[in-house]
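In the two complexes that follow, subunit A is the common piece, with subunit B as its partner first and subunit C second.
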Partner chain A sequence: MVDLMAKSPCDGLLPVEHGGVSLSEIDMTVLTSVSPYKGQDKALSAALKEAHGMAFPGINRATGKEGARAIWFGQGQAMLIGPDPASSLCVHAAVTDQSDAWVLVRLEGGRAEDVLARLVPVDLRQAAFKRGHTARTQLQHMMISVTRTGDSSFLIMAFRSMAKTLVHDLETAMRGVAARHAG
Partner chain B sequence: MRINGKGLVDRSTPLTFTFDGHSVDAYAGDTVASALLAAEVKLVARSFKYHRPRGVMGAGSEEAGALITVGNGAGQDPNVRATMQEVYSGLETRSQNRWPSLNFDVLSLNDLASPFLSAGFYYKTFMWPKAFWEKLYEPVIRRAAGIGGLSGEHNPDSYEKAYAFCDFLVIGAGSAGLMAALTAGRAGADVILCDEDSIMGGRLNGETYDVGGATGQDWAASTVAELASMDNVRLMTRTTVTGAYDQGTFGALERVSHHLEDRGGRPVECFWRIAAKRSVLAAGSIERPVAFRNNDRPGIMTASAVRTYLNRYGVAPGKAVTVFANNDDAHRTARDLVEAGVHVAGVIDTRRDAPDGDGYEVYKGAEICNSEGRKALEAVTFRYPDGREDKLQTDCLAMSGGWNPSVHMTCHMNGRPVWNEGIQSFVPVDGTVPGMLTAGACNGVFSTHGALTQGIAAAQEALSDLGVKTAKADVPKAEDAPYRLKPLWAVEGKGRAWLDFQNDVTVKDVKLAAAENFRSVEHMKRYTTQGMAPDQGKNSNVAALAVLADATGRGIPETGTTTFRPPYVPVSIAAMGAGSQGIGFAPQRFTTSHKASVEAGAPMVEVGMWYRPSFFPAPGEKTWRQSCDREVNNVRNAVGVCDVSTLGKIDLQGPDVGEFLDFVYTNMFSTLKVGRTRYGLMLREDGTVMDDGTTARMGENHYVMTTTTAAAGPVMRHLEYVHQCLRPDLDVSMISVTEQWAQFAVAGPKSRELLNGLLAEEINSDSWPFMACGEALIQGVKGRLFRISFSGEHAYEVAVPSRYGDSLFRLLVSRAESMGGGAYGMEALNVLRIEKGHITHSEIHGRTNAFDIGFARMVSAKKDCIGKTMSERPGLVGDTREQLVGLKPIGVVKQLTAGAHLFEKGADPVRVNEQGYTTSVGFSPTLETYLGLGFLRNGRARHGEEIQMVDHLRGITTQCVVCDPVFIDPEGGRVRG
Partner chain C sequence: MRIKCPHCGERDRREFYYVGDAVALDRPDPDAGDVVWDDYVHNRDNPAGVTRDLWYHESGCSTWIVVTRNTVTHEILKTELASKVKEAMA
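Take a look at the complex of A and B:
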């Protein structure tokens, strides 16, 4: 039997680095959308805590940490990133595998905020958008999810099919910012 | 002429640039305007309408005379104000609106014809014949009247957009703005300070008076240095705030690299959207010219501009300068010039009580009434109070009619400024832009002391609103001279006196507008085009409406201003649309099979944002039709593979999904068995068909819906709307999984044989009958298998997580090829579905309902659904409706085209006889004929009738027979195979 080969969304596109800001792919992690059934919010949050160590995130917030994170993903929706979802979640929520639906990239570096300011219309400055804050917003023309994961690092998620445009847009902004600060 | 020891230009860095091909010497820190004046180049431009010689008039972004084109070739930048373009080594600039050259311009004949070219000339003259307007008059006028042009080529330069946020936005870095920013910055607020100049300081850089014990220039520089040292303050030079919008949002244009020889990858411009909690407008004011006969000659400038060139750039714009004024402020120009050793021919002040001169003569109560010198000013004629006239030889006239506060931004949200008698100009009204205060000259406060005081006060008020404490601030010591002026708009007399220099509008034009009953200021503007040039009337609005007020016998306040709209300065579309040029117009969506398809030579077509293969050319095939025919035959006779991942997939879970689907679909889904798929039809609320597709029941409480590619987004939105607004009682969760699955159609009599080579468990017609669905292991990967068919053949759709898409596609295609089949593209897909009579959005195009497409029986009588009641309205069913039919050519002409119209046989093919239209056509290699789908009035009752298809656009008339839309296998034997 021929094995099917797995390819990541940014296959051949990343990593890149410009002016001290790097863009890299977070490859092939497990993504699971979790959406509580009616009246199950608390029970789901407890089950998440029990199974994966984080509560169901509030609006525009992310819970957990690197390796096991839950980020708010829209009304009544969270995206569990990292662990294989416990079956206990299915009792309280619609649980859907999304591991291949999104491209995940990490933008990191001293001027990462400046790069995103070229593309994302929300206030991502440290004071307004702290570690653990997340937003569903747009990046140029694409609908994305952006989460601050550190002082100078962001997790950005976009539709898998748009990976090339995502990388193109981010790289254009990275180049522009790097050029302004060169020399 | 350079004046040694003056100015902020860097004398240690000389450089050269070109103007109209001639080399011009300059220093770093010069603008094109200052360098041209230093080089004694007076003639810089030709005017818009009369091609009059024009020179530099001002020193800021409001420049009315010196518009130039920068650069060459595709990226050339027209209508750049020479006063804003900083010089760099190698800069190429050109004059505009002249032919063959600036010095000898053929169209300056227009100036001689001026008696005929008055306001409204075009409206009156080029009335008829109507057809001449577009073909003759407009092109000729456009050539004659105009400014610079674009290259017409694709712009190769890069532009940028960006967003910024702050507590306090300070617009303008003159004395008021600097003081506001300093006060707020010291208090720790997040401050953005924007100024359109290359160095901050505003008028302080163009004047000689002291602030806080230092020169104004030094005080500004040290204040900027302190601000730059604060982490909470962001300084944005070369950035013009262009508009005030809702909720504290401002537009701003940053000129990032216009001033650099080597852009080094920087964007040319960046268009900012700045969201500020509070803001202060400290935009300063603009000195207004005075209208008198021939007041537009090169060498005639505003008085403050002359000071700026002298004090900031170390340039005397003339060897013998005359000042024409109605106020004290303009006398500074004479004093500064004398101090610098430049000859002042005289100061002509219209006030009999004007101050005396110190080293220059003041002609009190006199006014200038004419000027001489075709391409450069040579003399002015002035009139004493007793009517006597005299002449002064002069090569530069510095004029001042007073100052107009730059109130523009306060009016962008429909505010109107009010008339202030004391300064004879308009001042802003508080609160017209929520959260925005005004300070300094833009507020009608013209002394430096006043501006500094207001800057502090504005910062304190804004920060107090935000709950930020400010320390008590001392006002630096500065001049506090009273502003004394006597109104003067236009000097009486014959000839043309310019008001709007950029659009060539004279006092006479405004009077003519009033005489012809265009008395409203808005009508006058449109009749004369005053205020419509790139400067948007910054130099001329107040004077023009004063002249209009006089001509109509009303006061200036009653006459009012025209509407101020963004942007404050011209903004290139390239900056506003940055990132969206060319391919950047929309994101590109690629399927997992994209690479393999391109490698196979398939031309890709855009389907929404997706790219899909049109066909897969085989060796020896010369036309797409050959490939398409082969691919169709492959599917009909062997097996074909097609990427269908672009179809929308929506995962629905919850105890009430069945009920929810019954509500959104016309047919029943709650009764669907687990492991089965059903075709569904969805209506809009108005009863029109919205979308169609199959929905599979994967589990008791788990369905997966498919939508068409085009409607994936709209259907998701519709479902969310229905759930959130109409049926919030239902316990349903939904999420798109379109991107999660790479899904391929495997179609043809050998499809099962192909799949059985890949599946962990072989399937047969009992275990996997038509419309079965379920999970399956494909080459060891957990996937899904659906037995559904768009082609009408025995077919499946197989789905795997997208990471395996590329690999599985290649495997499926190679297996198919080994079985006499292969990949097929959009063309074959379309032919296959037409042969089978399956609809797409060509048929459900937003104007057809279930009855029209022959699916009335799919609207369940047992339940209600969205759109059901509305679809039963009178006129939506019956024999007057255009109904879906099939069409086959039967005459000599065998071609069918989509979008053609249908007529009865022998009928005159004109609009009133129209019976319907074609929606989809294709050549069927299976039936060896063109086939068409279309809508024909009462079509289902007309099967067998001969009609004519007429394509007026392509000039094709084809005789057809009407038939059932299902051309092959109407019994469905093949799909059940």
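Take a look at the complex of A and C:
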């Protein structure tokens, strides 16, 4: 029997740091898409709260905290990150395993906003995009999900197959921002 | 050009995919006959002015949106969720 090794999407690529901004991979975890059935939004939110401690996120919002998050992921869908989904969710929603399909990275540091401003066509400054806010948008030409997890930290998700491009684009922007403020 | 997604708010045009005339929401009955179907499949107005299209928020929330816009001024007059428009037609 061949002994297979689990390899994370950014294996060998991260972490990196430029000009006080760091980019690191978030450990592979359980990802589950949760799409409420028609008219089941409230019941699902209650079930989610009971099983995993967070409400179903509103549009452009994320709930929960590190280790157990629910992020709004598009029309009628949220991504549950961390916990093994409780079977009680299946009564009210289509629940589908998405683990390993996405790459999760954390961009952190005082100029993280400046880095993202070079790549993402949405205003992600603190005044417009606060902790717990999330957006489905683009990073260069990739579709991503971006969530503010702290005053200077963001969670970025992209398709796993785009991991290398994601790191390349982010690192190029990080170098640019660092060079601008060097010396 | 910026389009206001009913979910995500105002977003850059590059996040959207243009589909075509919103006539697709009004599909004729299968037995409507050749003339009606020919019209539905092939014939489109090409107005210099207000038009109603379907757009897809491809790199955003994956929503179909009915966009009412002016082809002369590029003004976006109205955006609605296609699902809501379709429900209202029923």
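Miscellaneous remarks
Just so it is clear, the second predicted complex is superposed on the first by the 183 of 183 C-alpha atoms of A that agree within 3 Å, B and C clash if a C-alpha of one lies under 4 Å from a C-alpha of the other, contacts with A are read in each partner's own complex, and residues count from 1 in each chain.
Here, a contact is a pair of C-beta atoms (placed from the backbone, for glycine too) under 8 Å apart; a residue touches a chain by one contact, two chains touch by 3 or more.
For clarity, every value in this text was computed on a predicted model and none was experimentally measured.
By the touch criterion defined above, A:121 reaches both subunit B and subunit C. Contacts of A:3 after superposition on the shared chain: subunit B is touched, whereas subunit C is not. Applying the stated contact rule after C-alpha superposition, one finds that A:59 touches subunit C and leaves subunit B untouched. Of the two partner chains placed by superposition, only subunit C is touched by A:136; subunit B is not. With both complexes superposed, B is the one of subunit B and subunit C in contact with more subunit A residues. By the touch criterion defined above, A:91 lies against neither subunit B nor subunit C after alignment on the C-alpha atoms of chain A. Overlap of the subunit B and subunit C interfaces on subunit A: residues 75, 121-122.
Subunit A makes touch with subunit C in their complex at residues 59-60, 74-75, 121-122, 135-138, 143. Those residues of subunit C whose C-beta lies close enough to touch subunit A in the complex are 7-9, 11-12, 14-15, 58-63. Only residues 158, 160-165, 190, 256, 263-267, 273, 275, 579-580, 584, 586-592, 609-610, 651, 653-655, 724, 731, 733-742, 778-781, 800-808, 811 of subunit B touch subunit A when the two sit together in their complex. If you check the complex, the residues on subunit A that touch subunit B are 1-9, 28, 33, 35-38, 75-77, 93-102, 117-123, 125, 127-128, 140-142, 159-166, 169, 172-173, 175-176, 178-180, 182-183.
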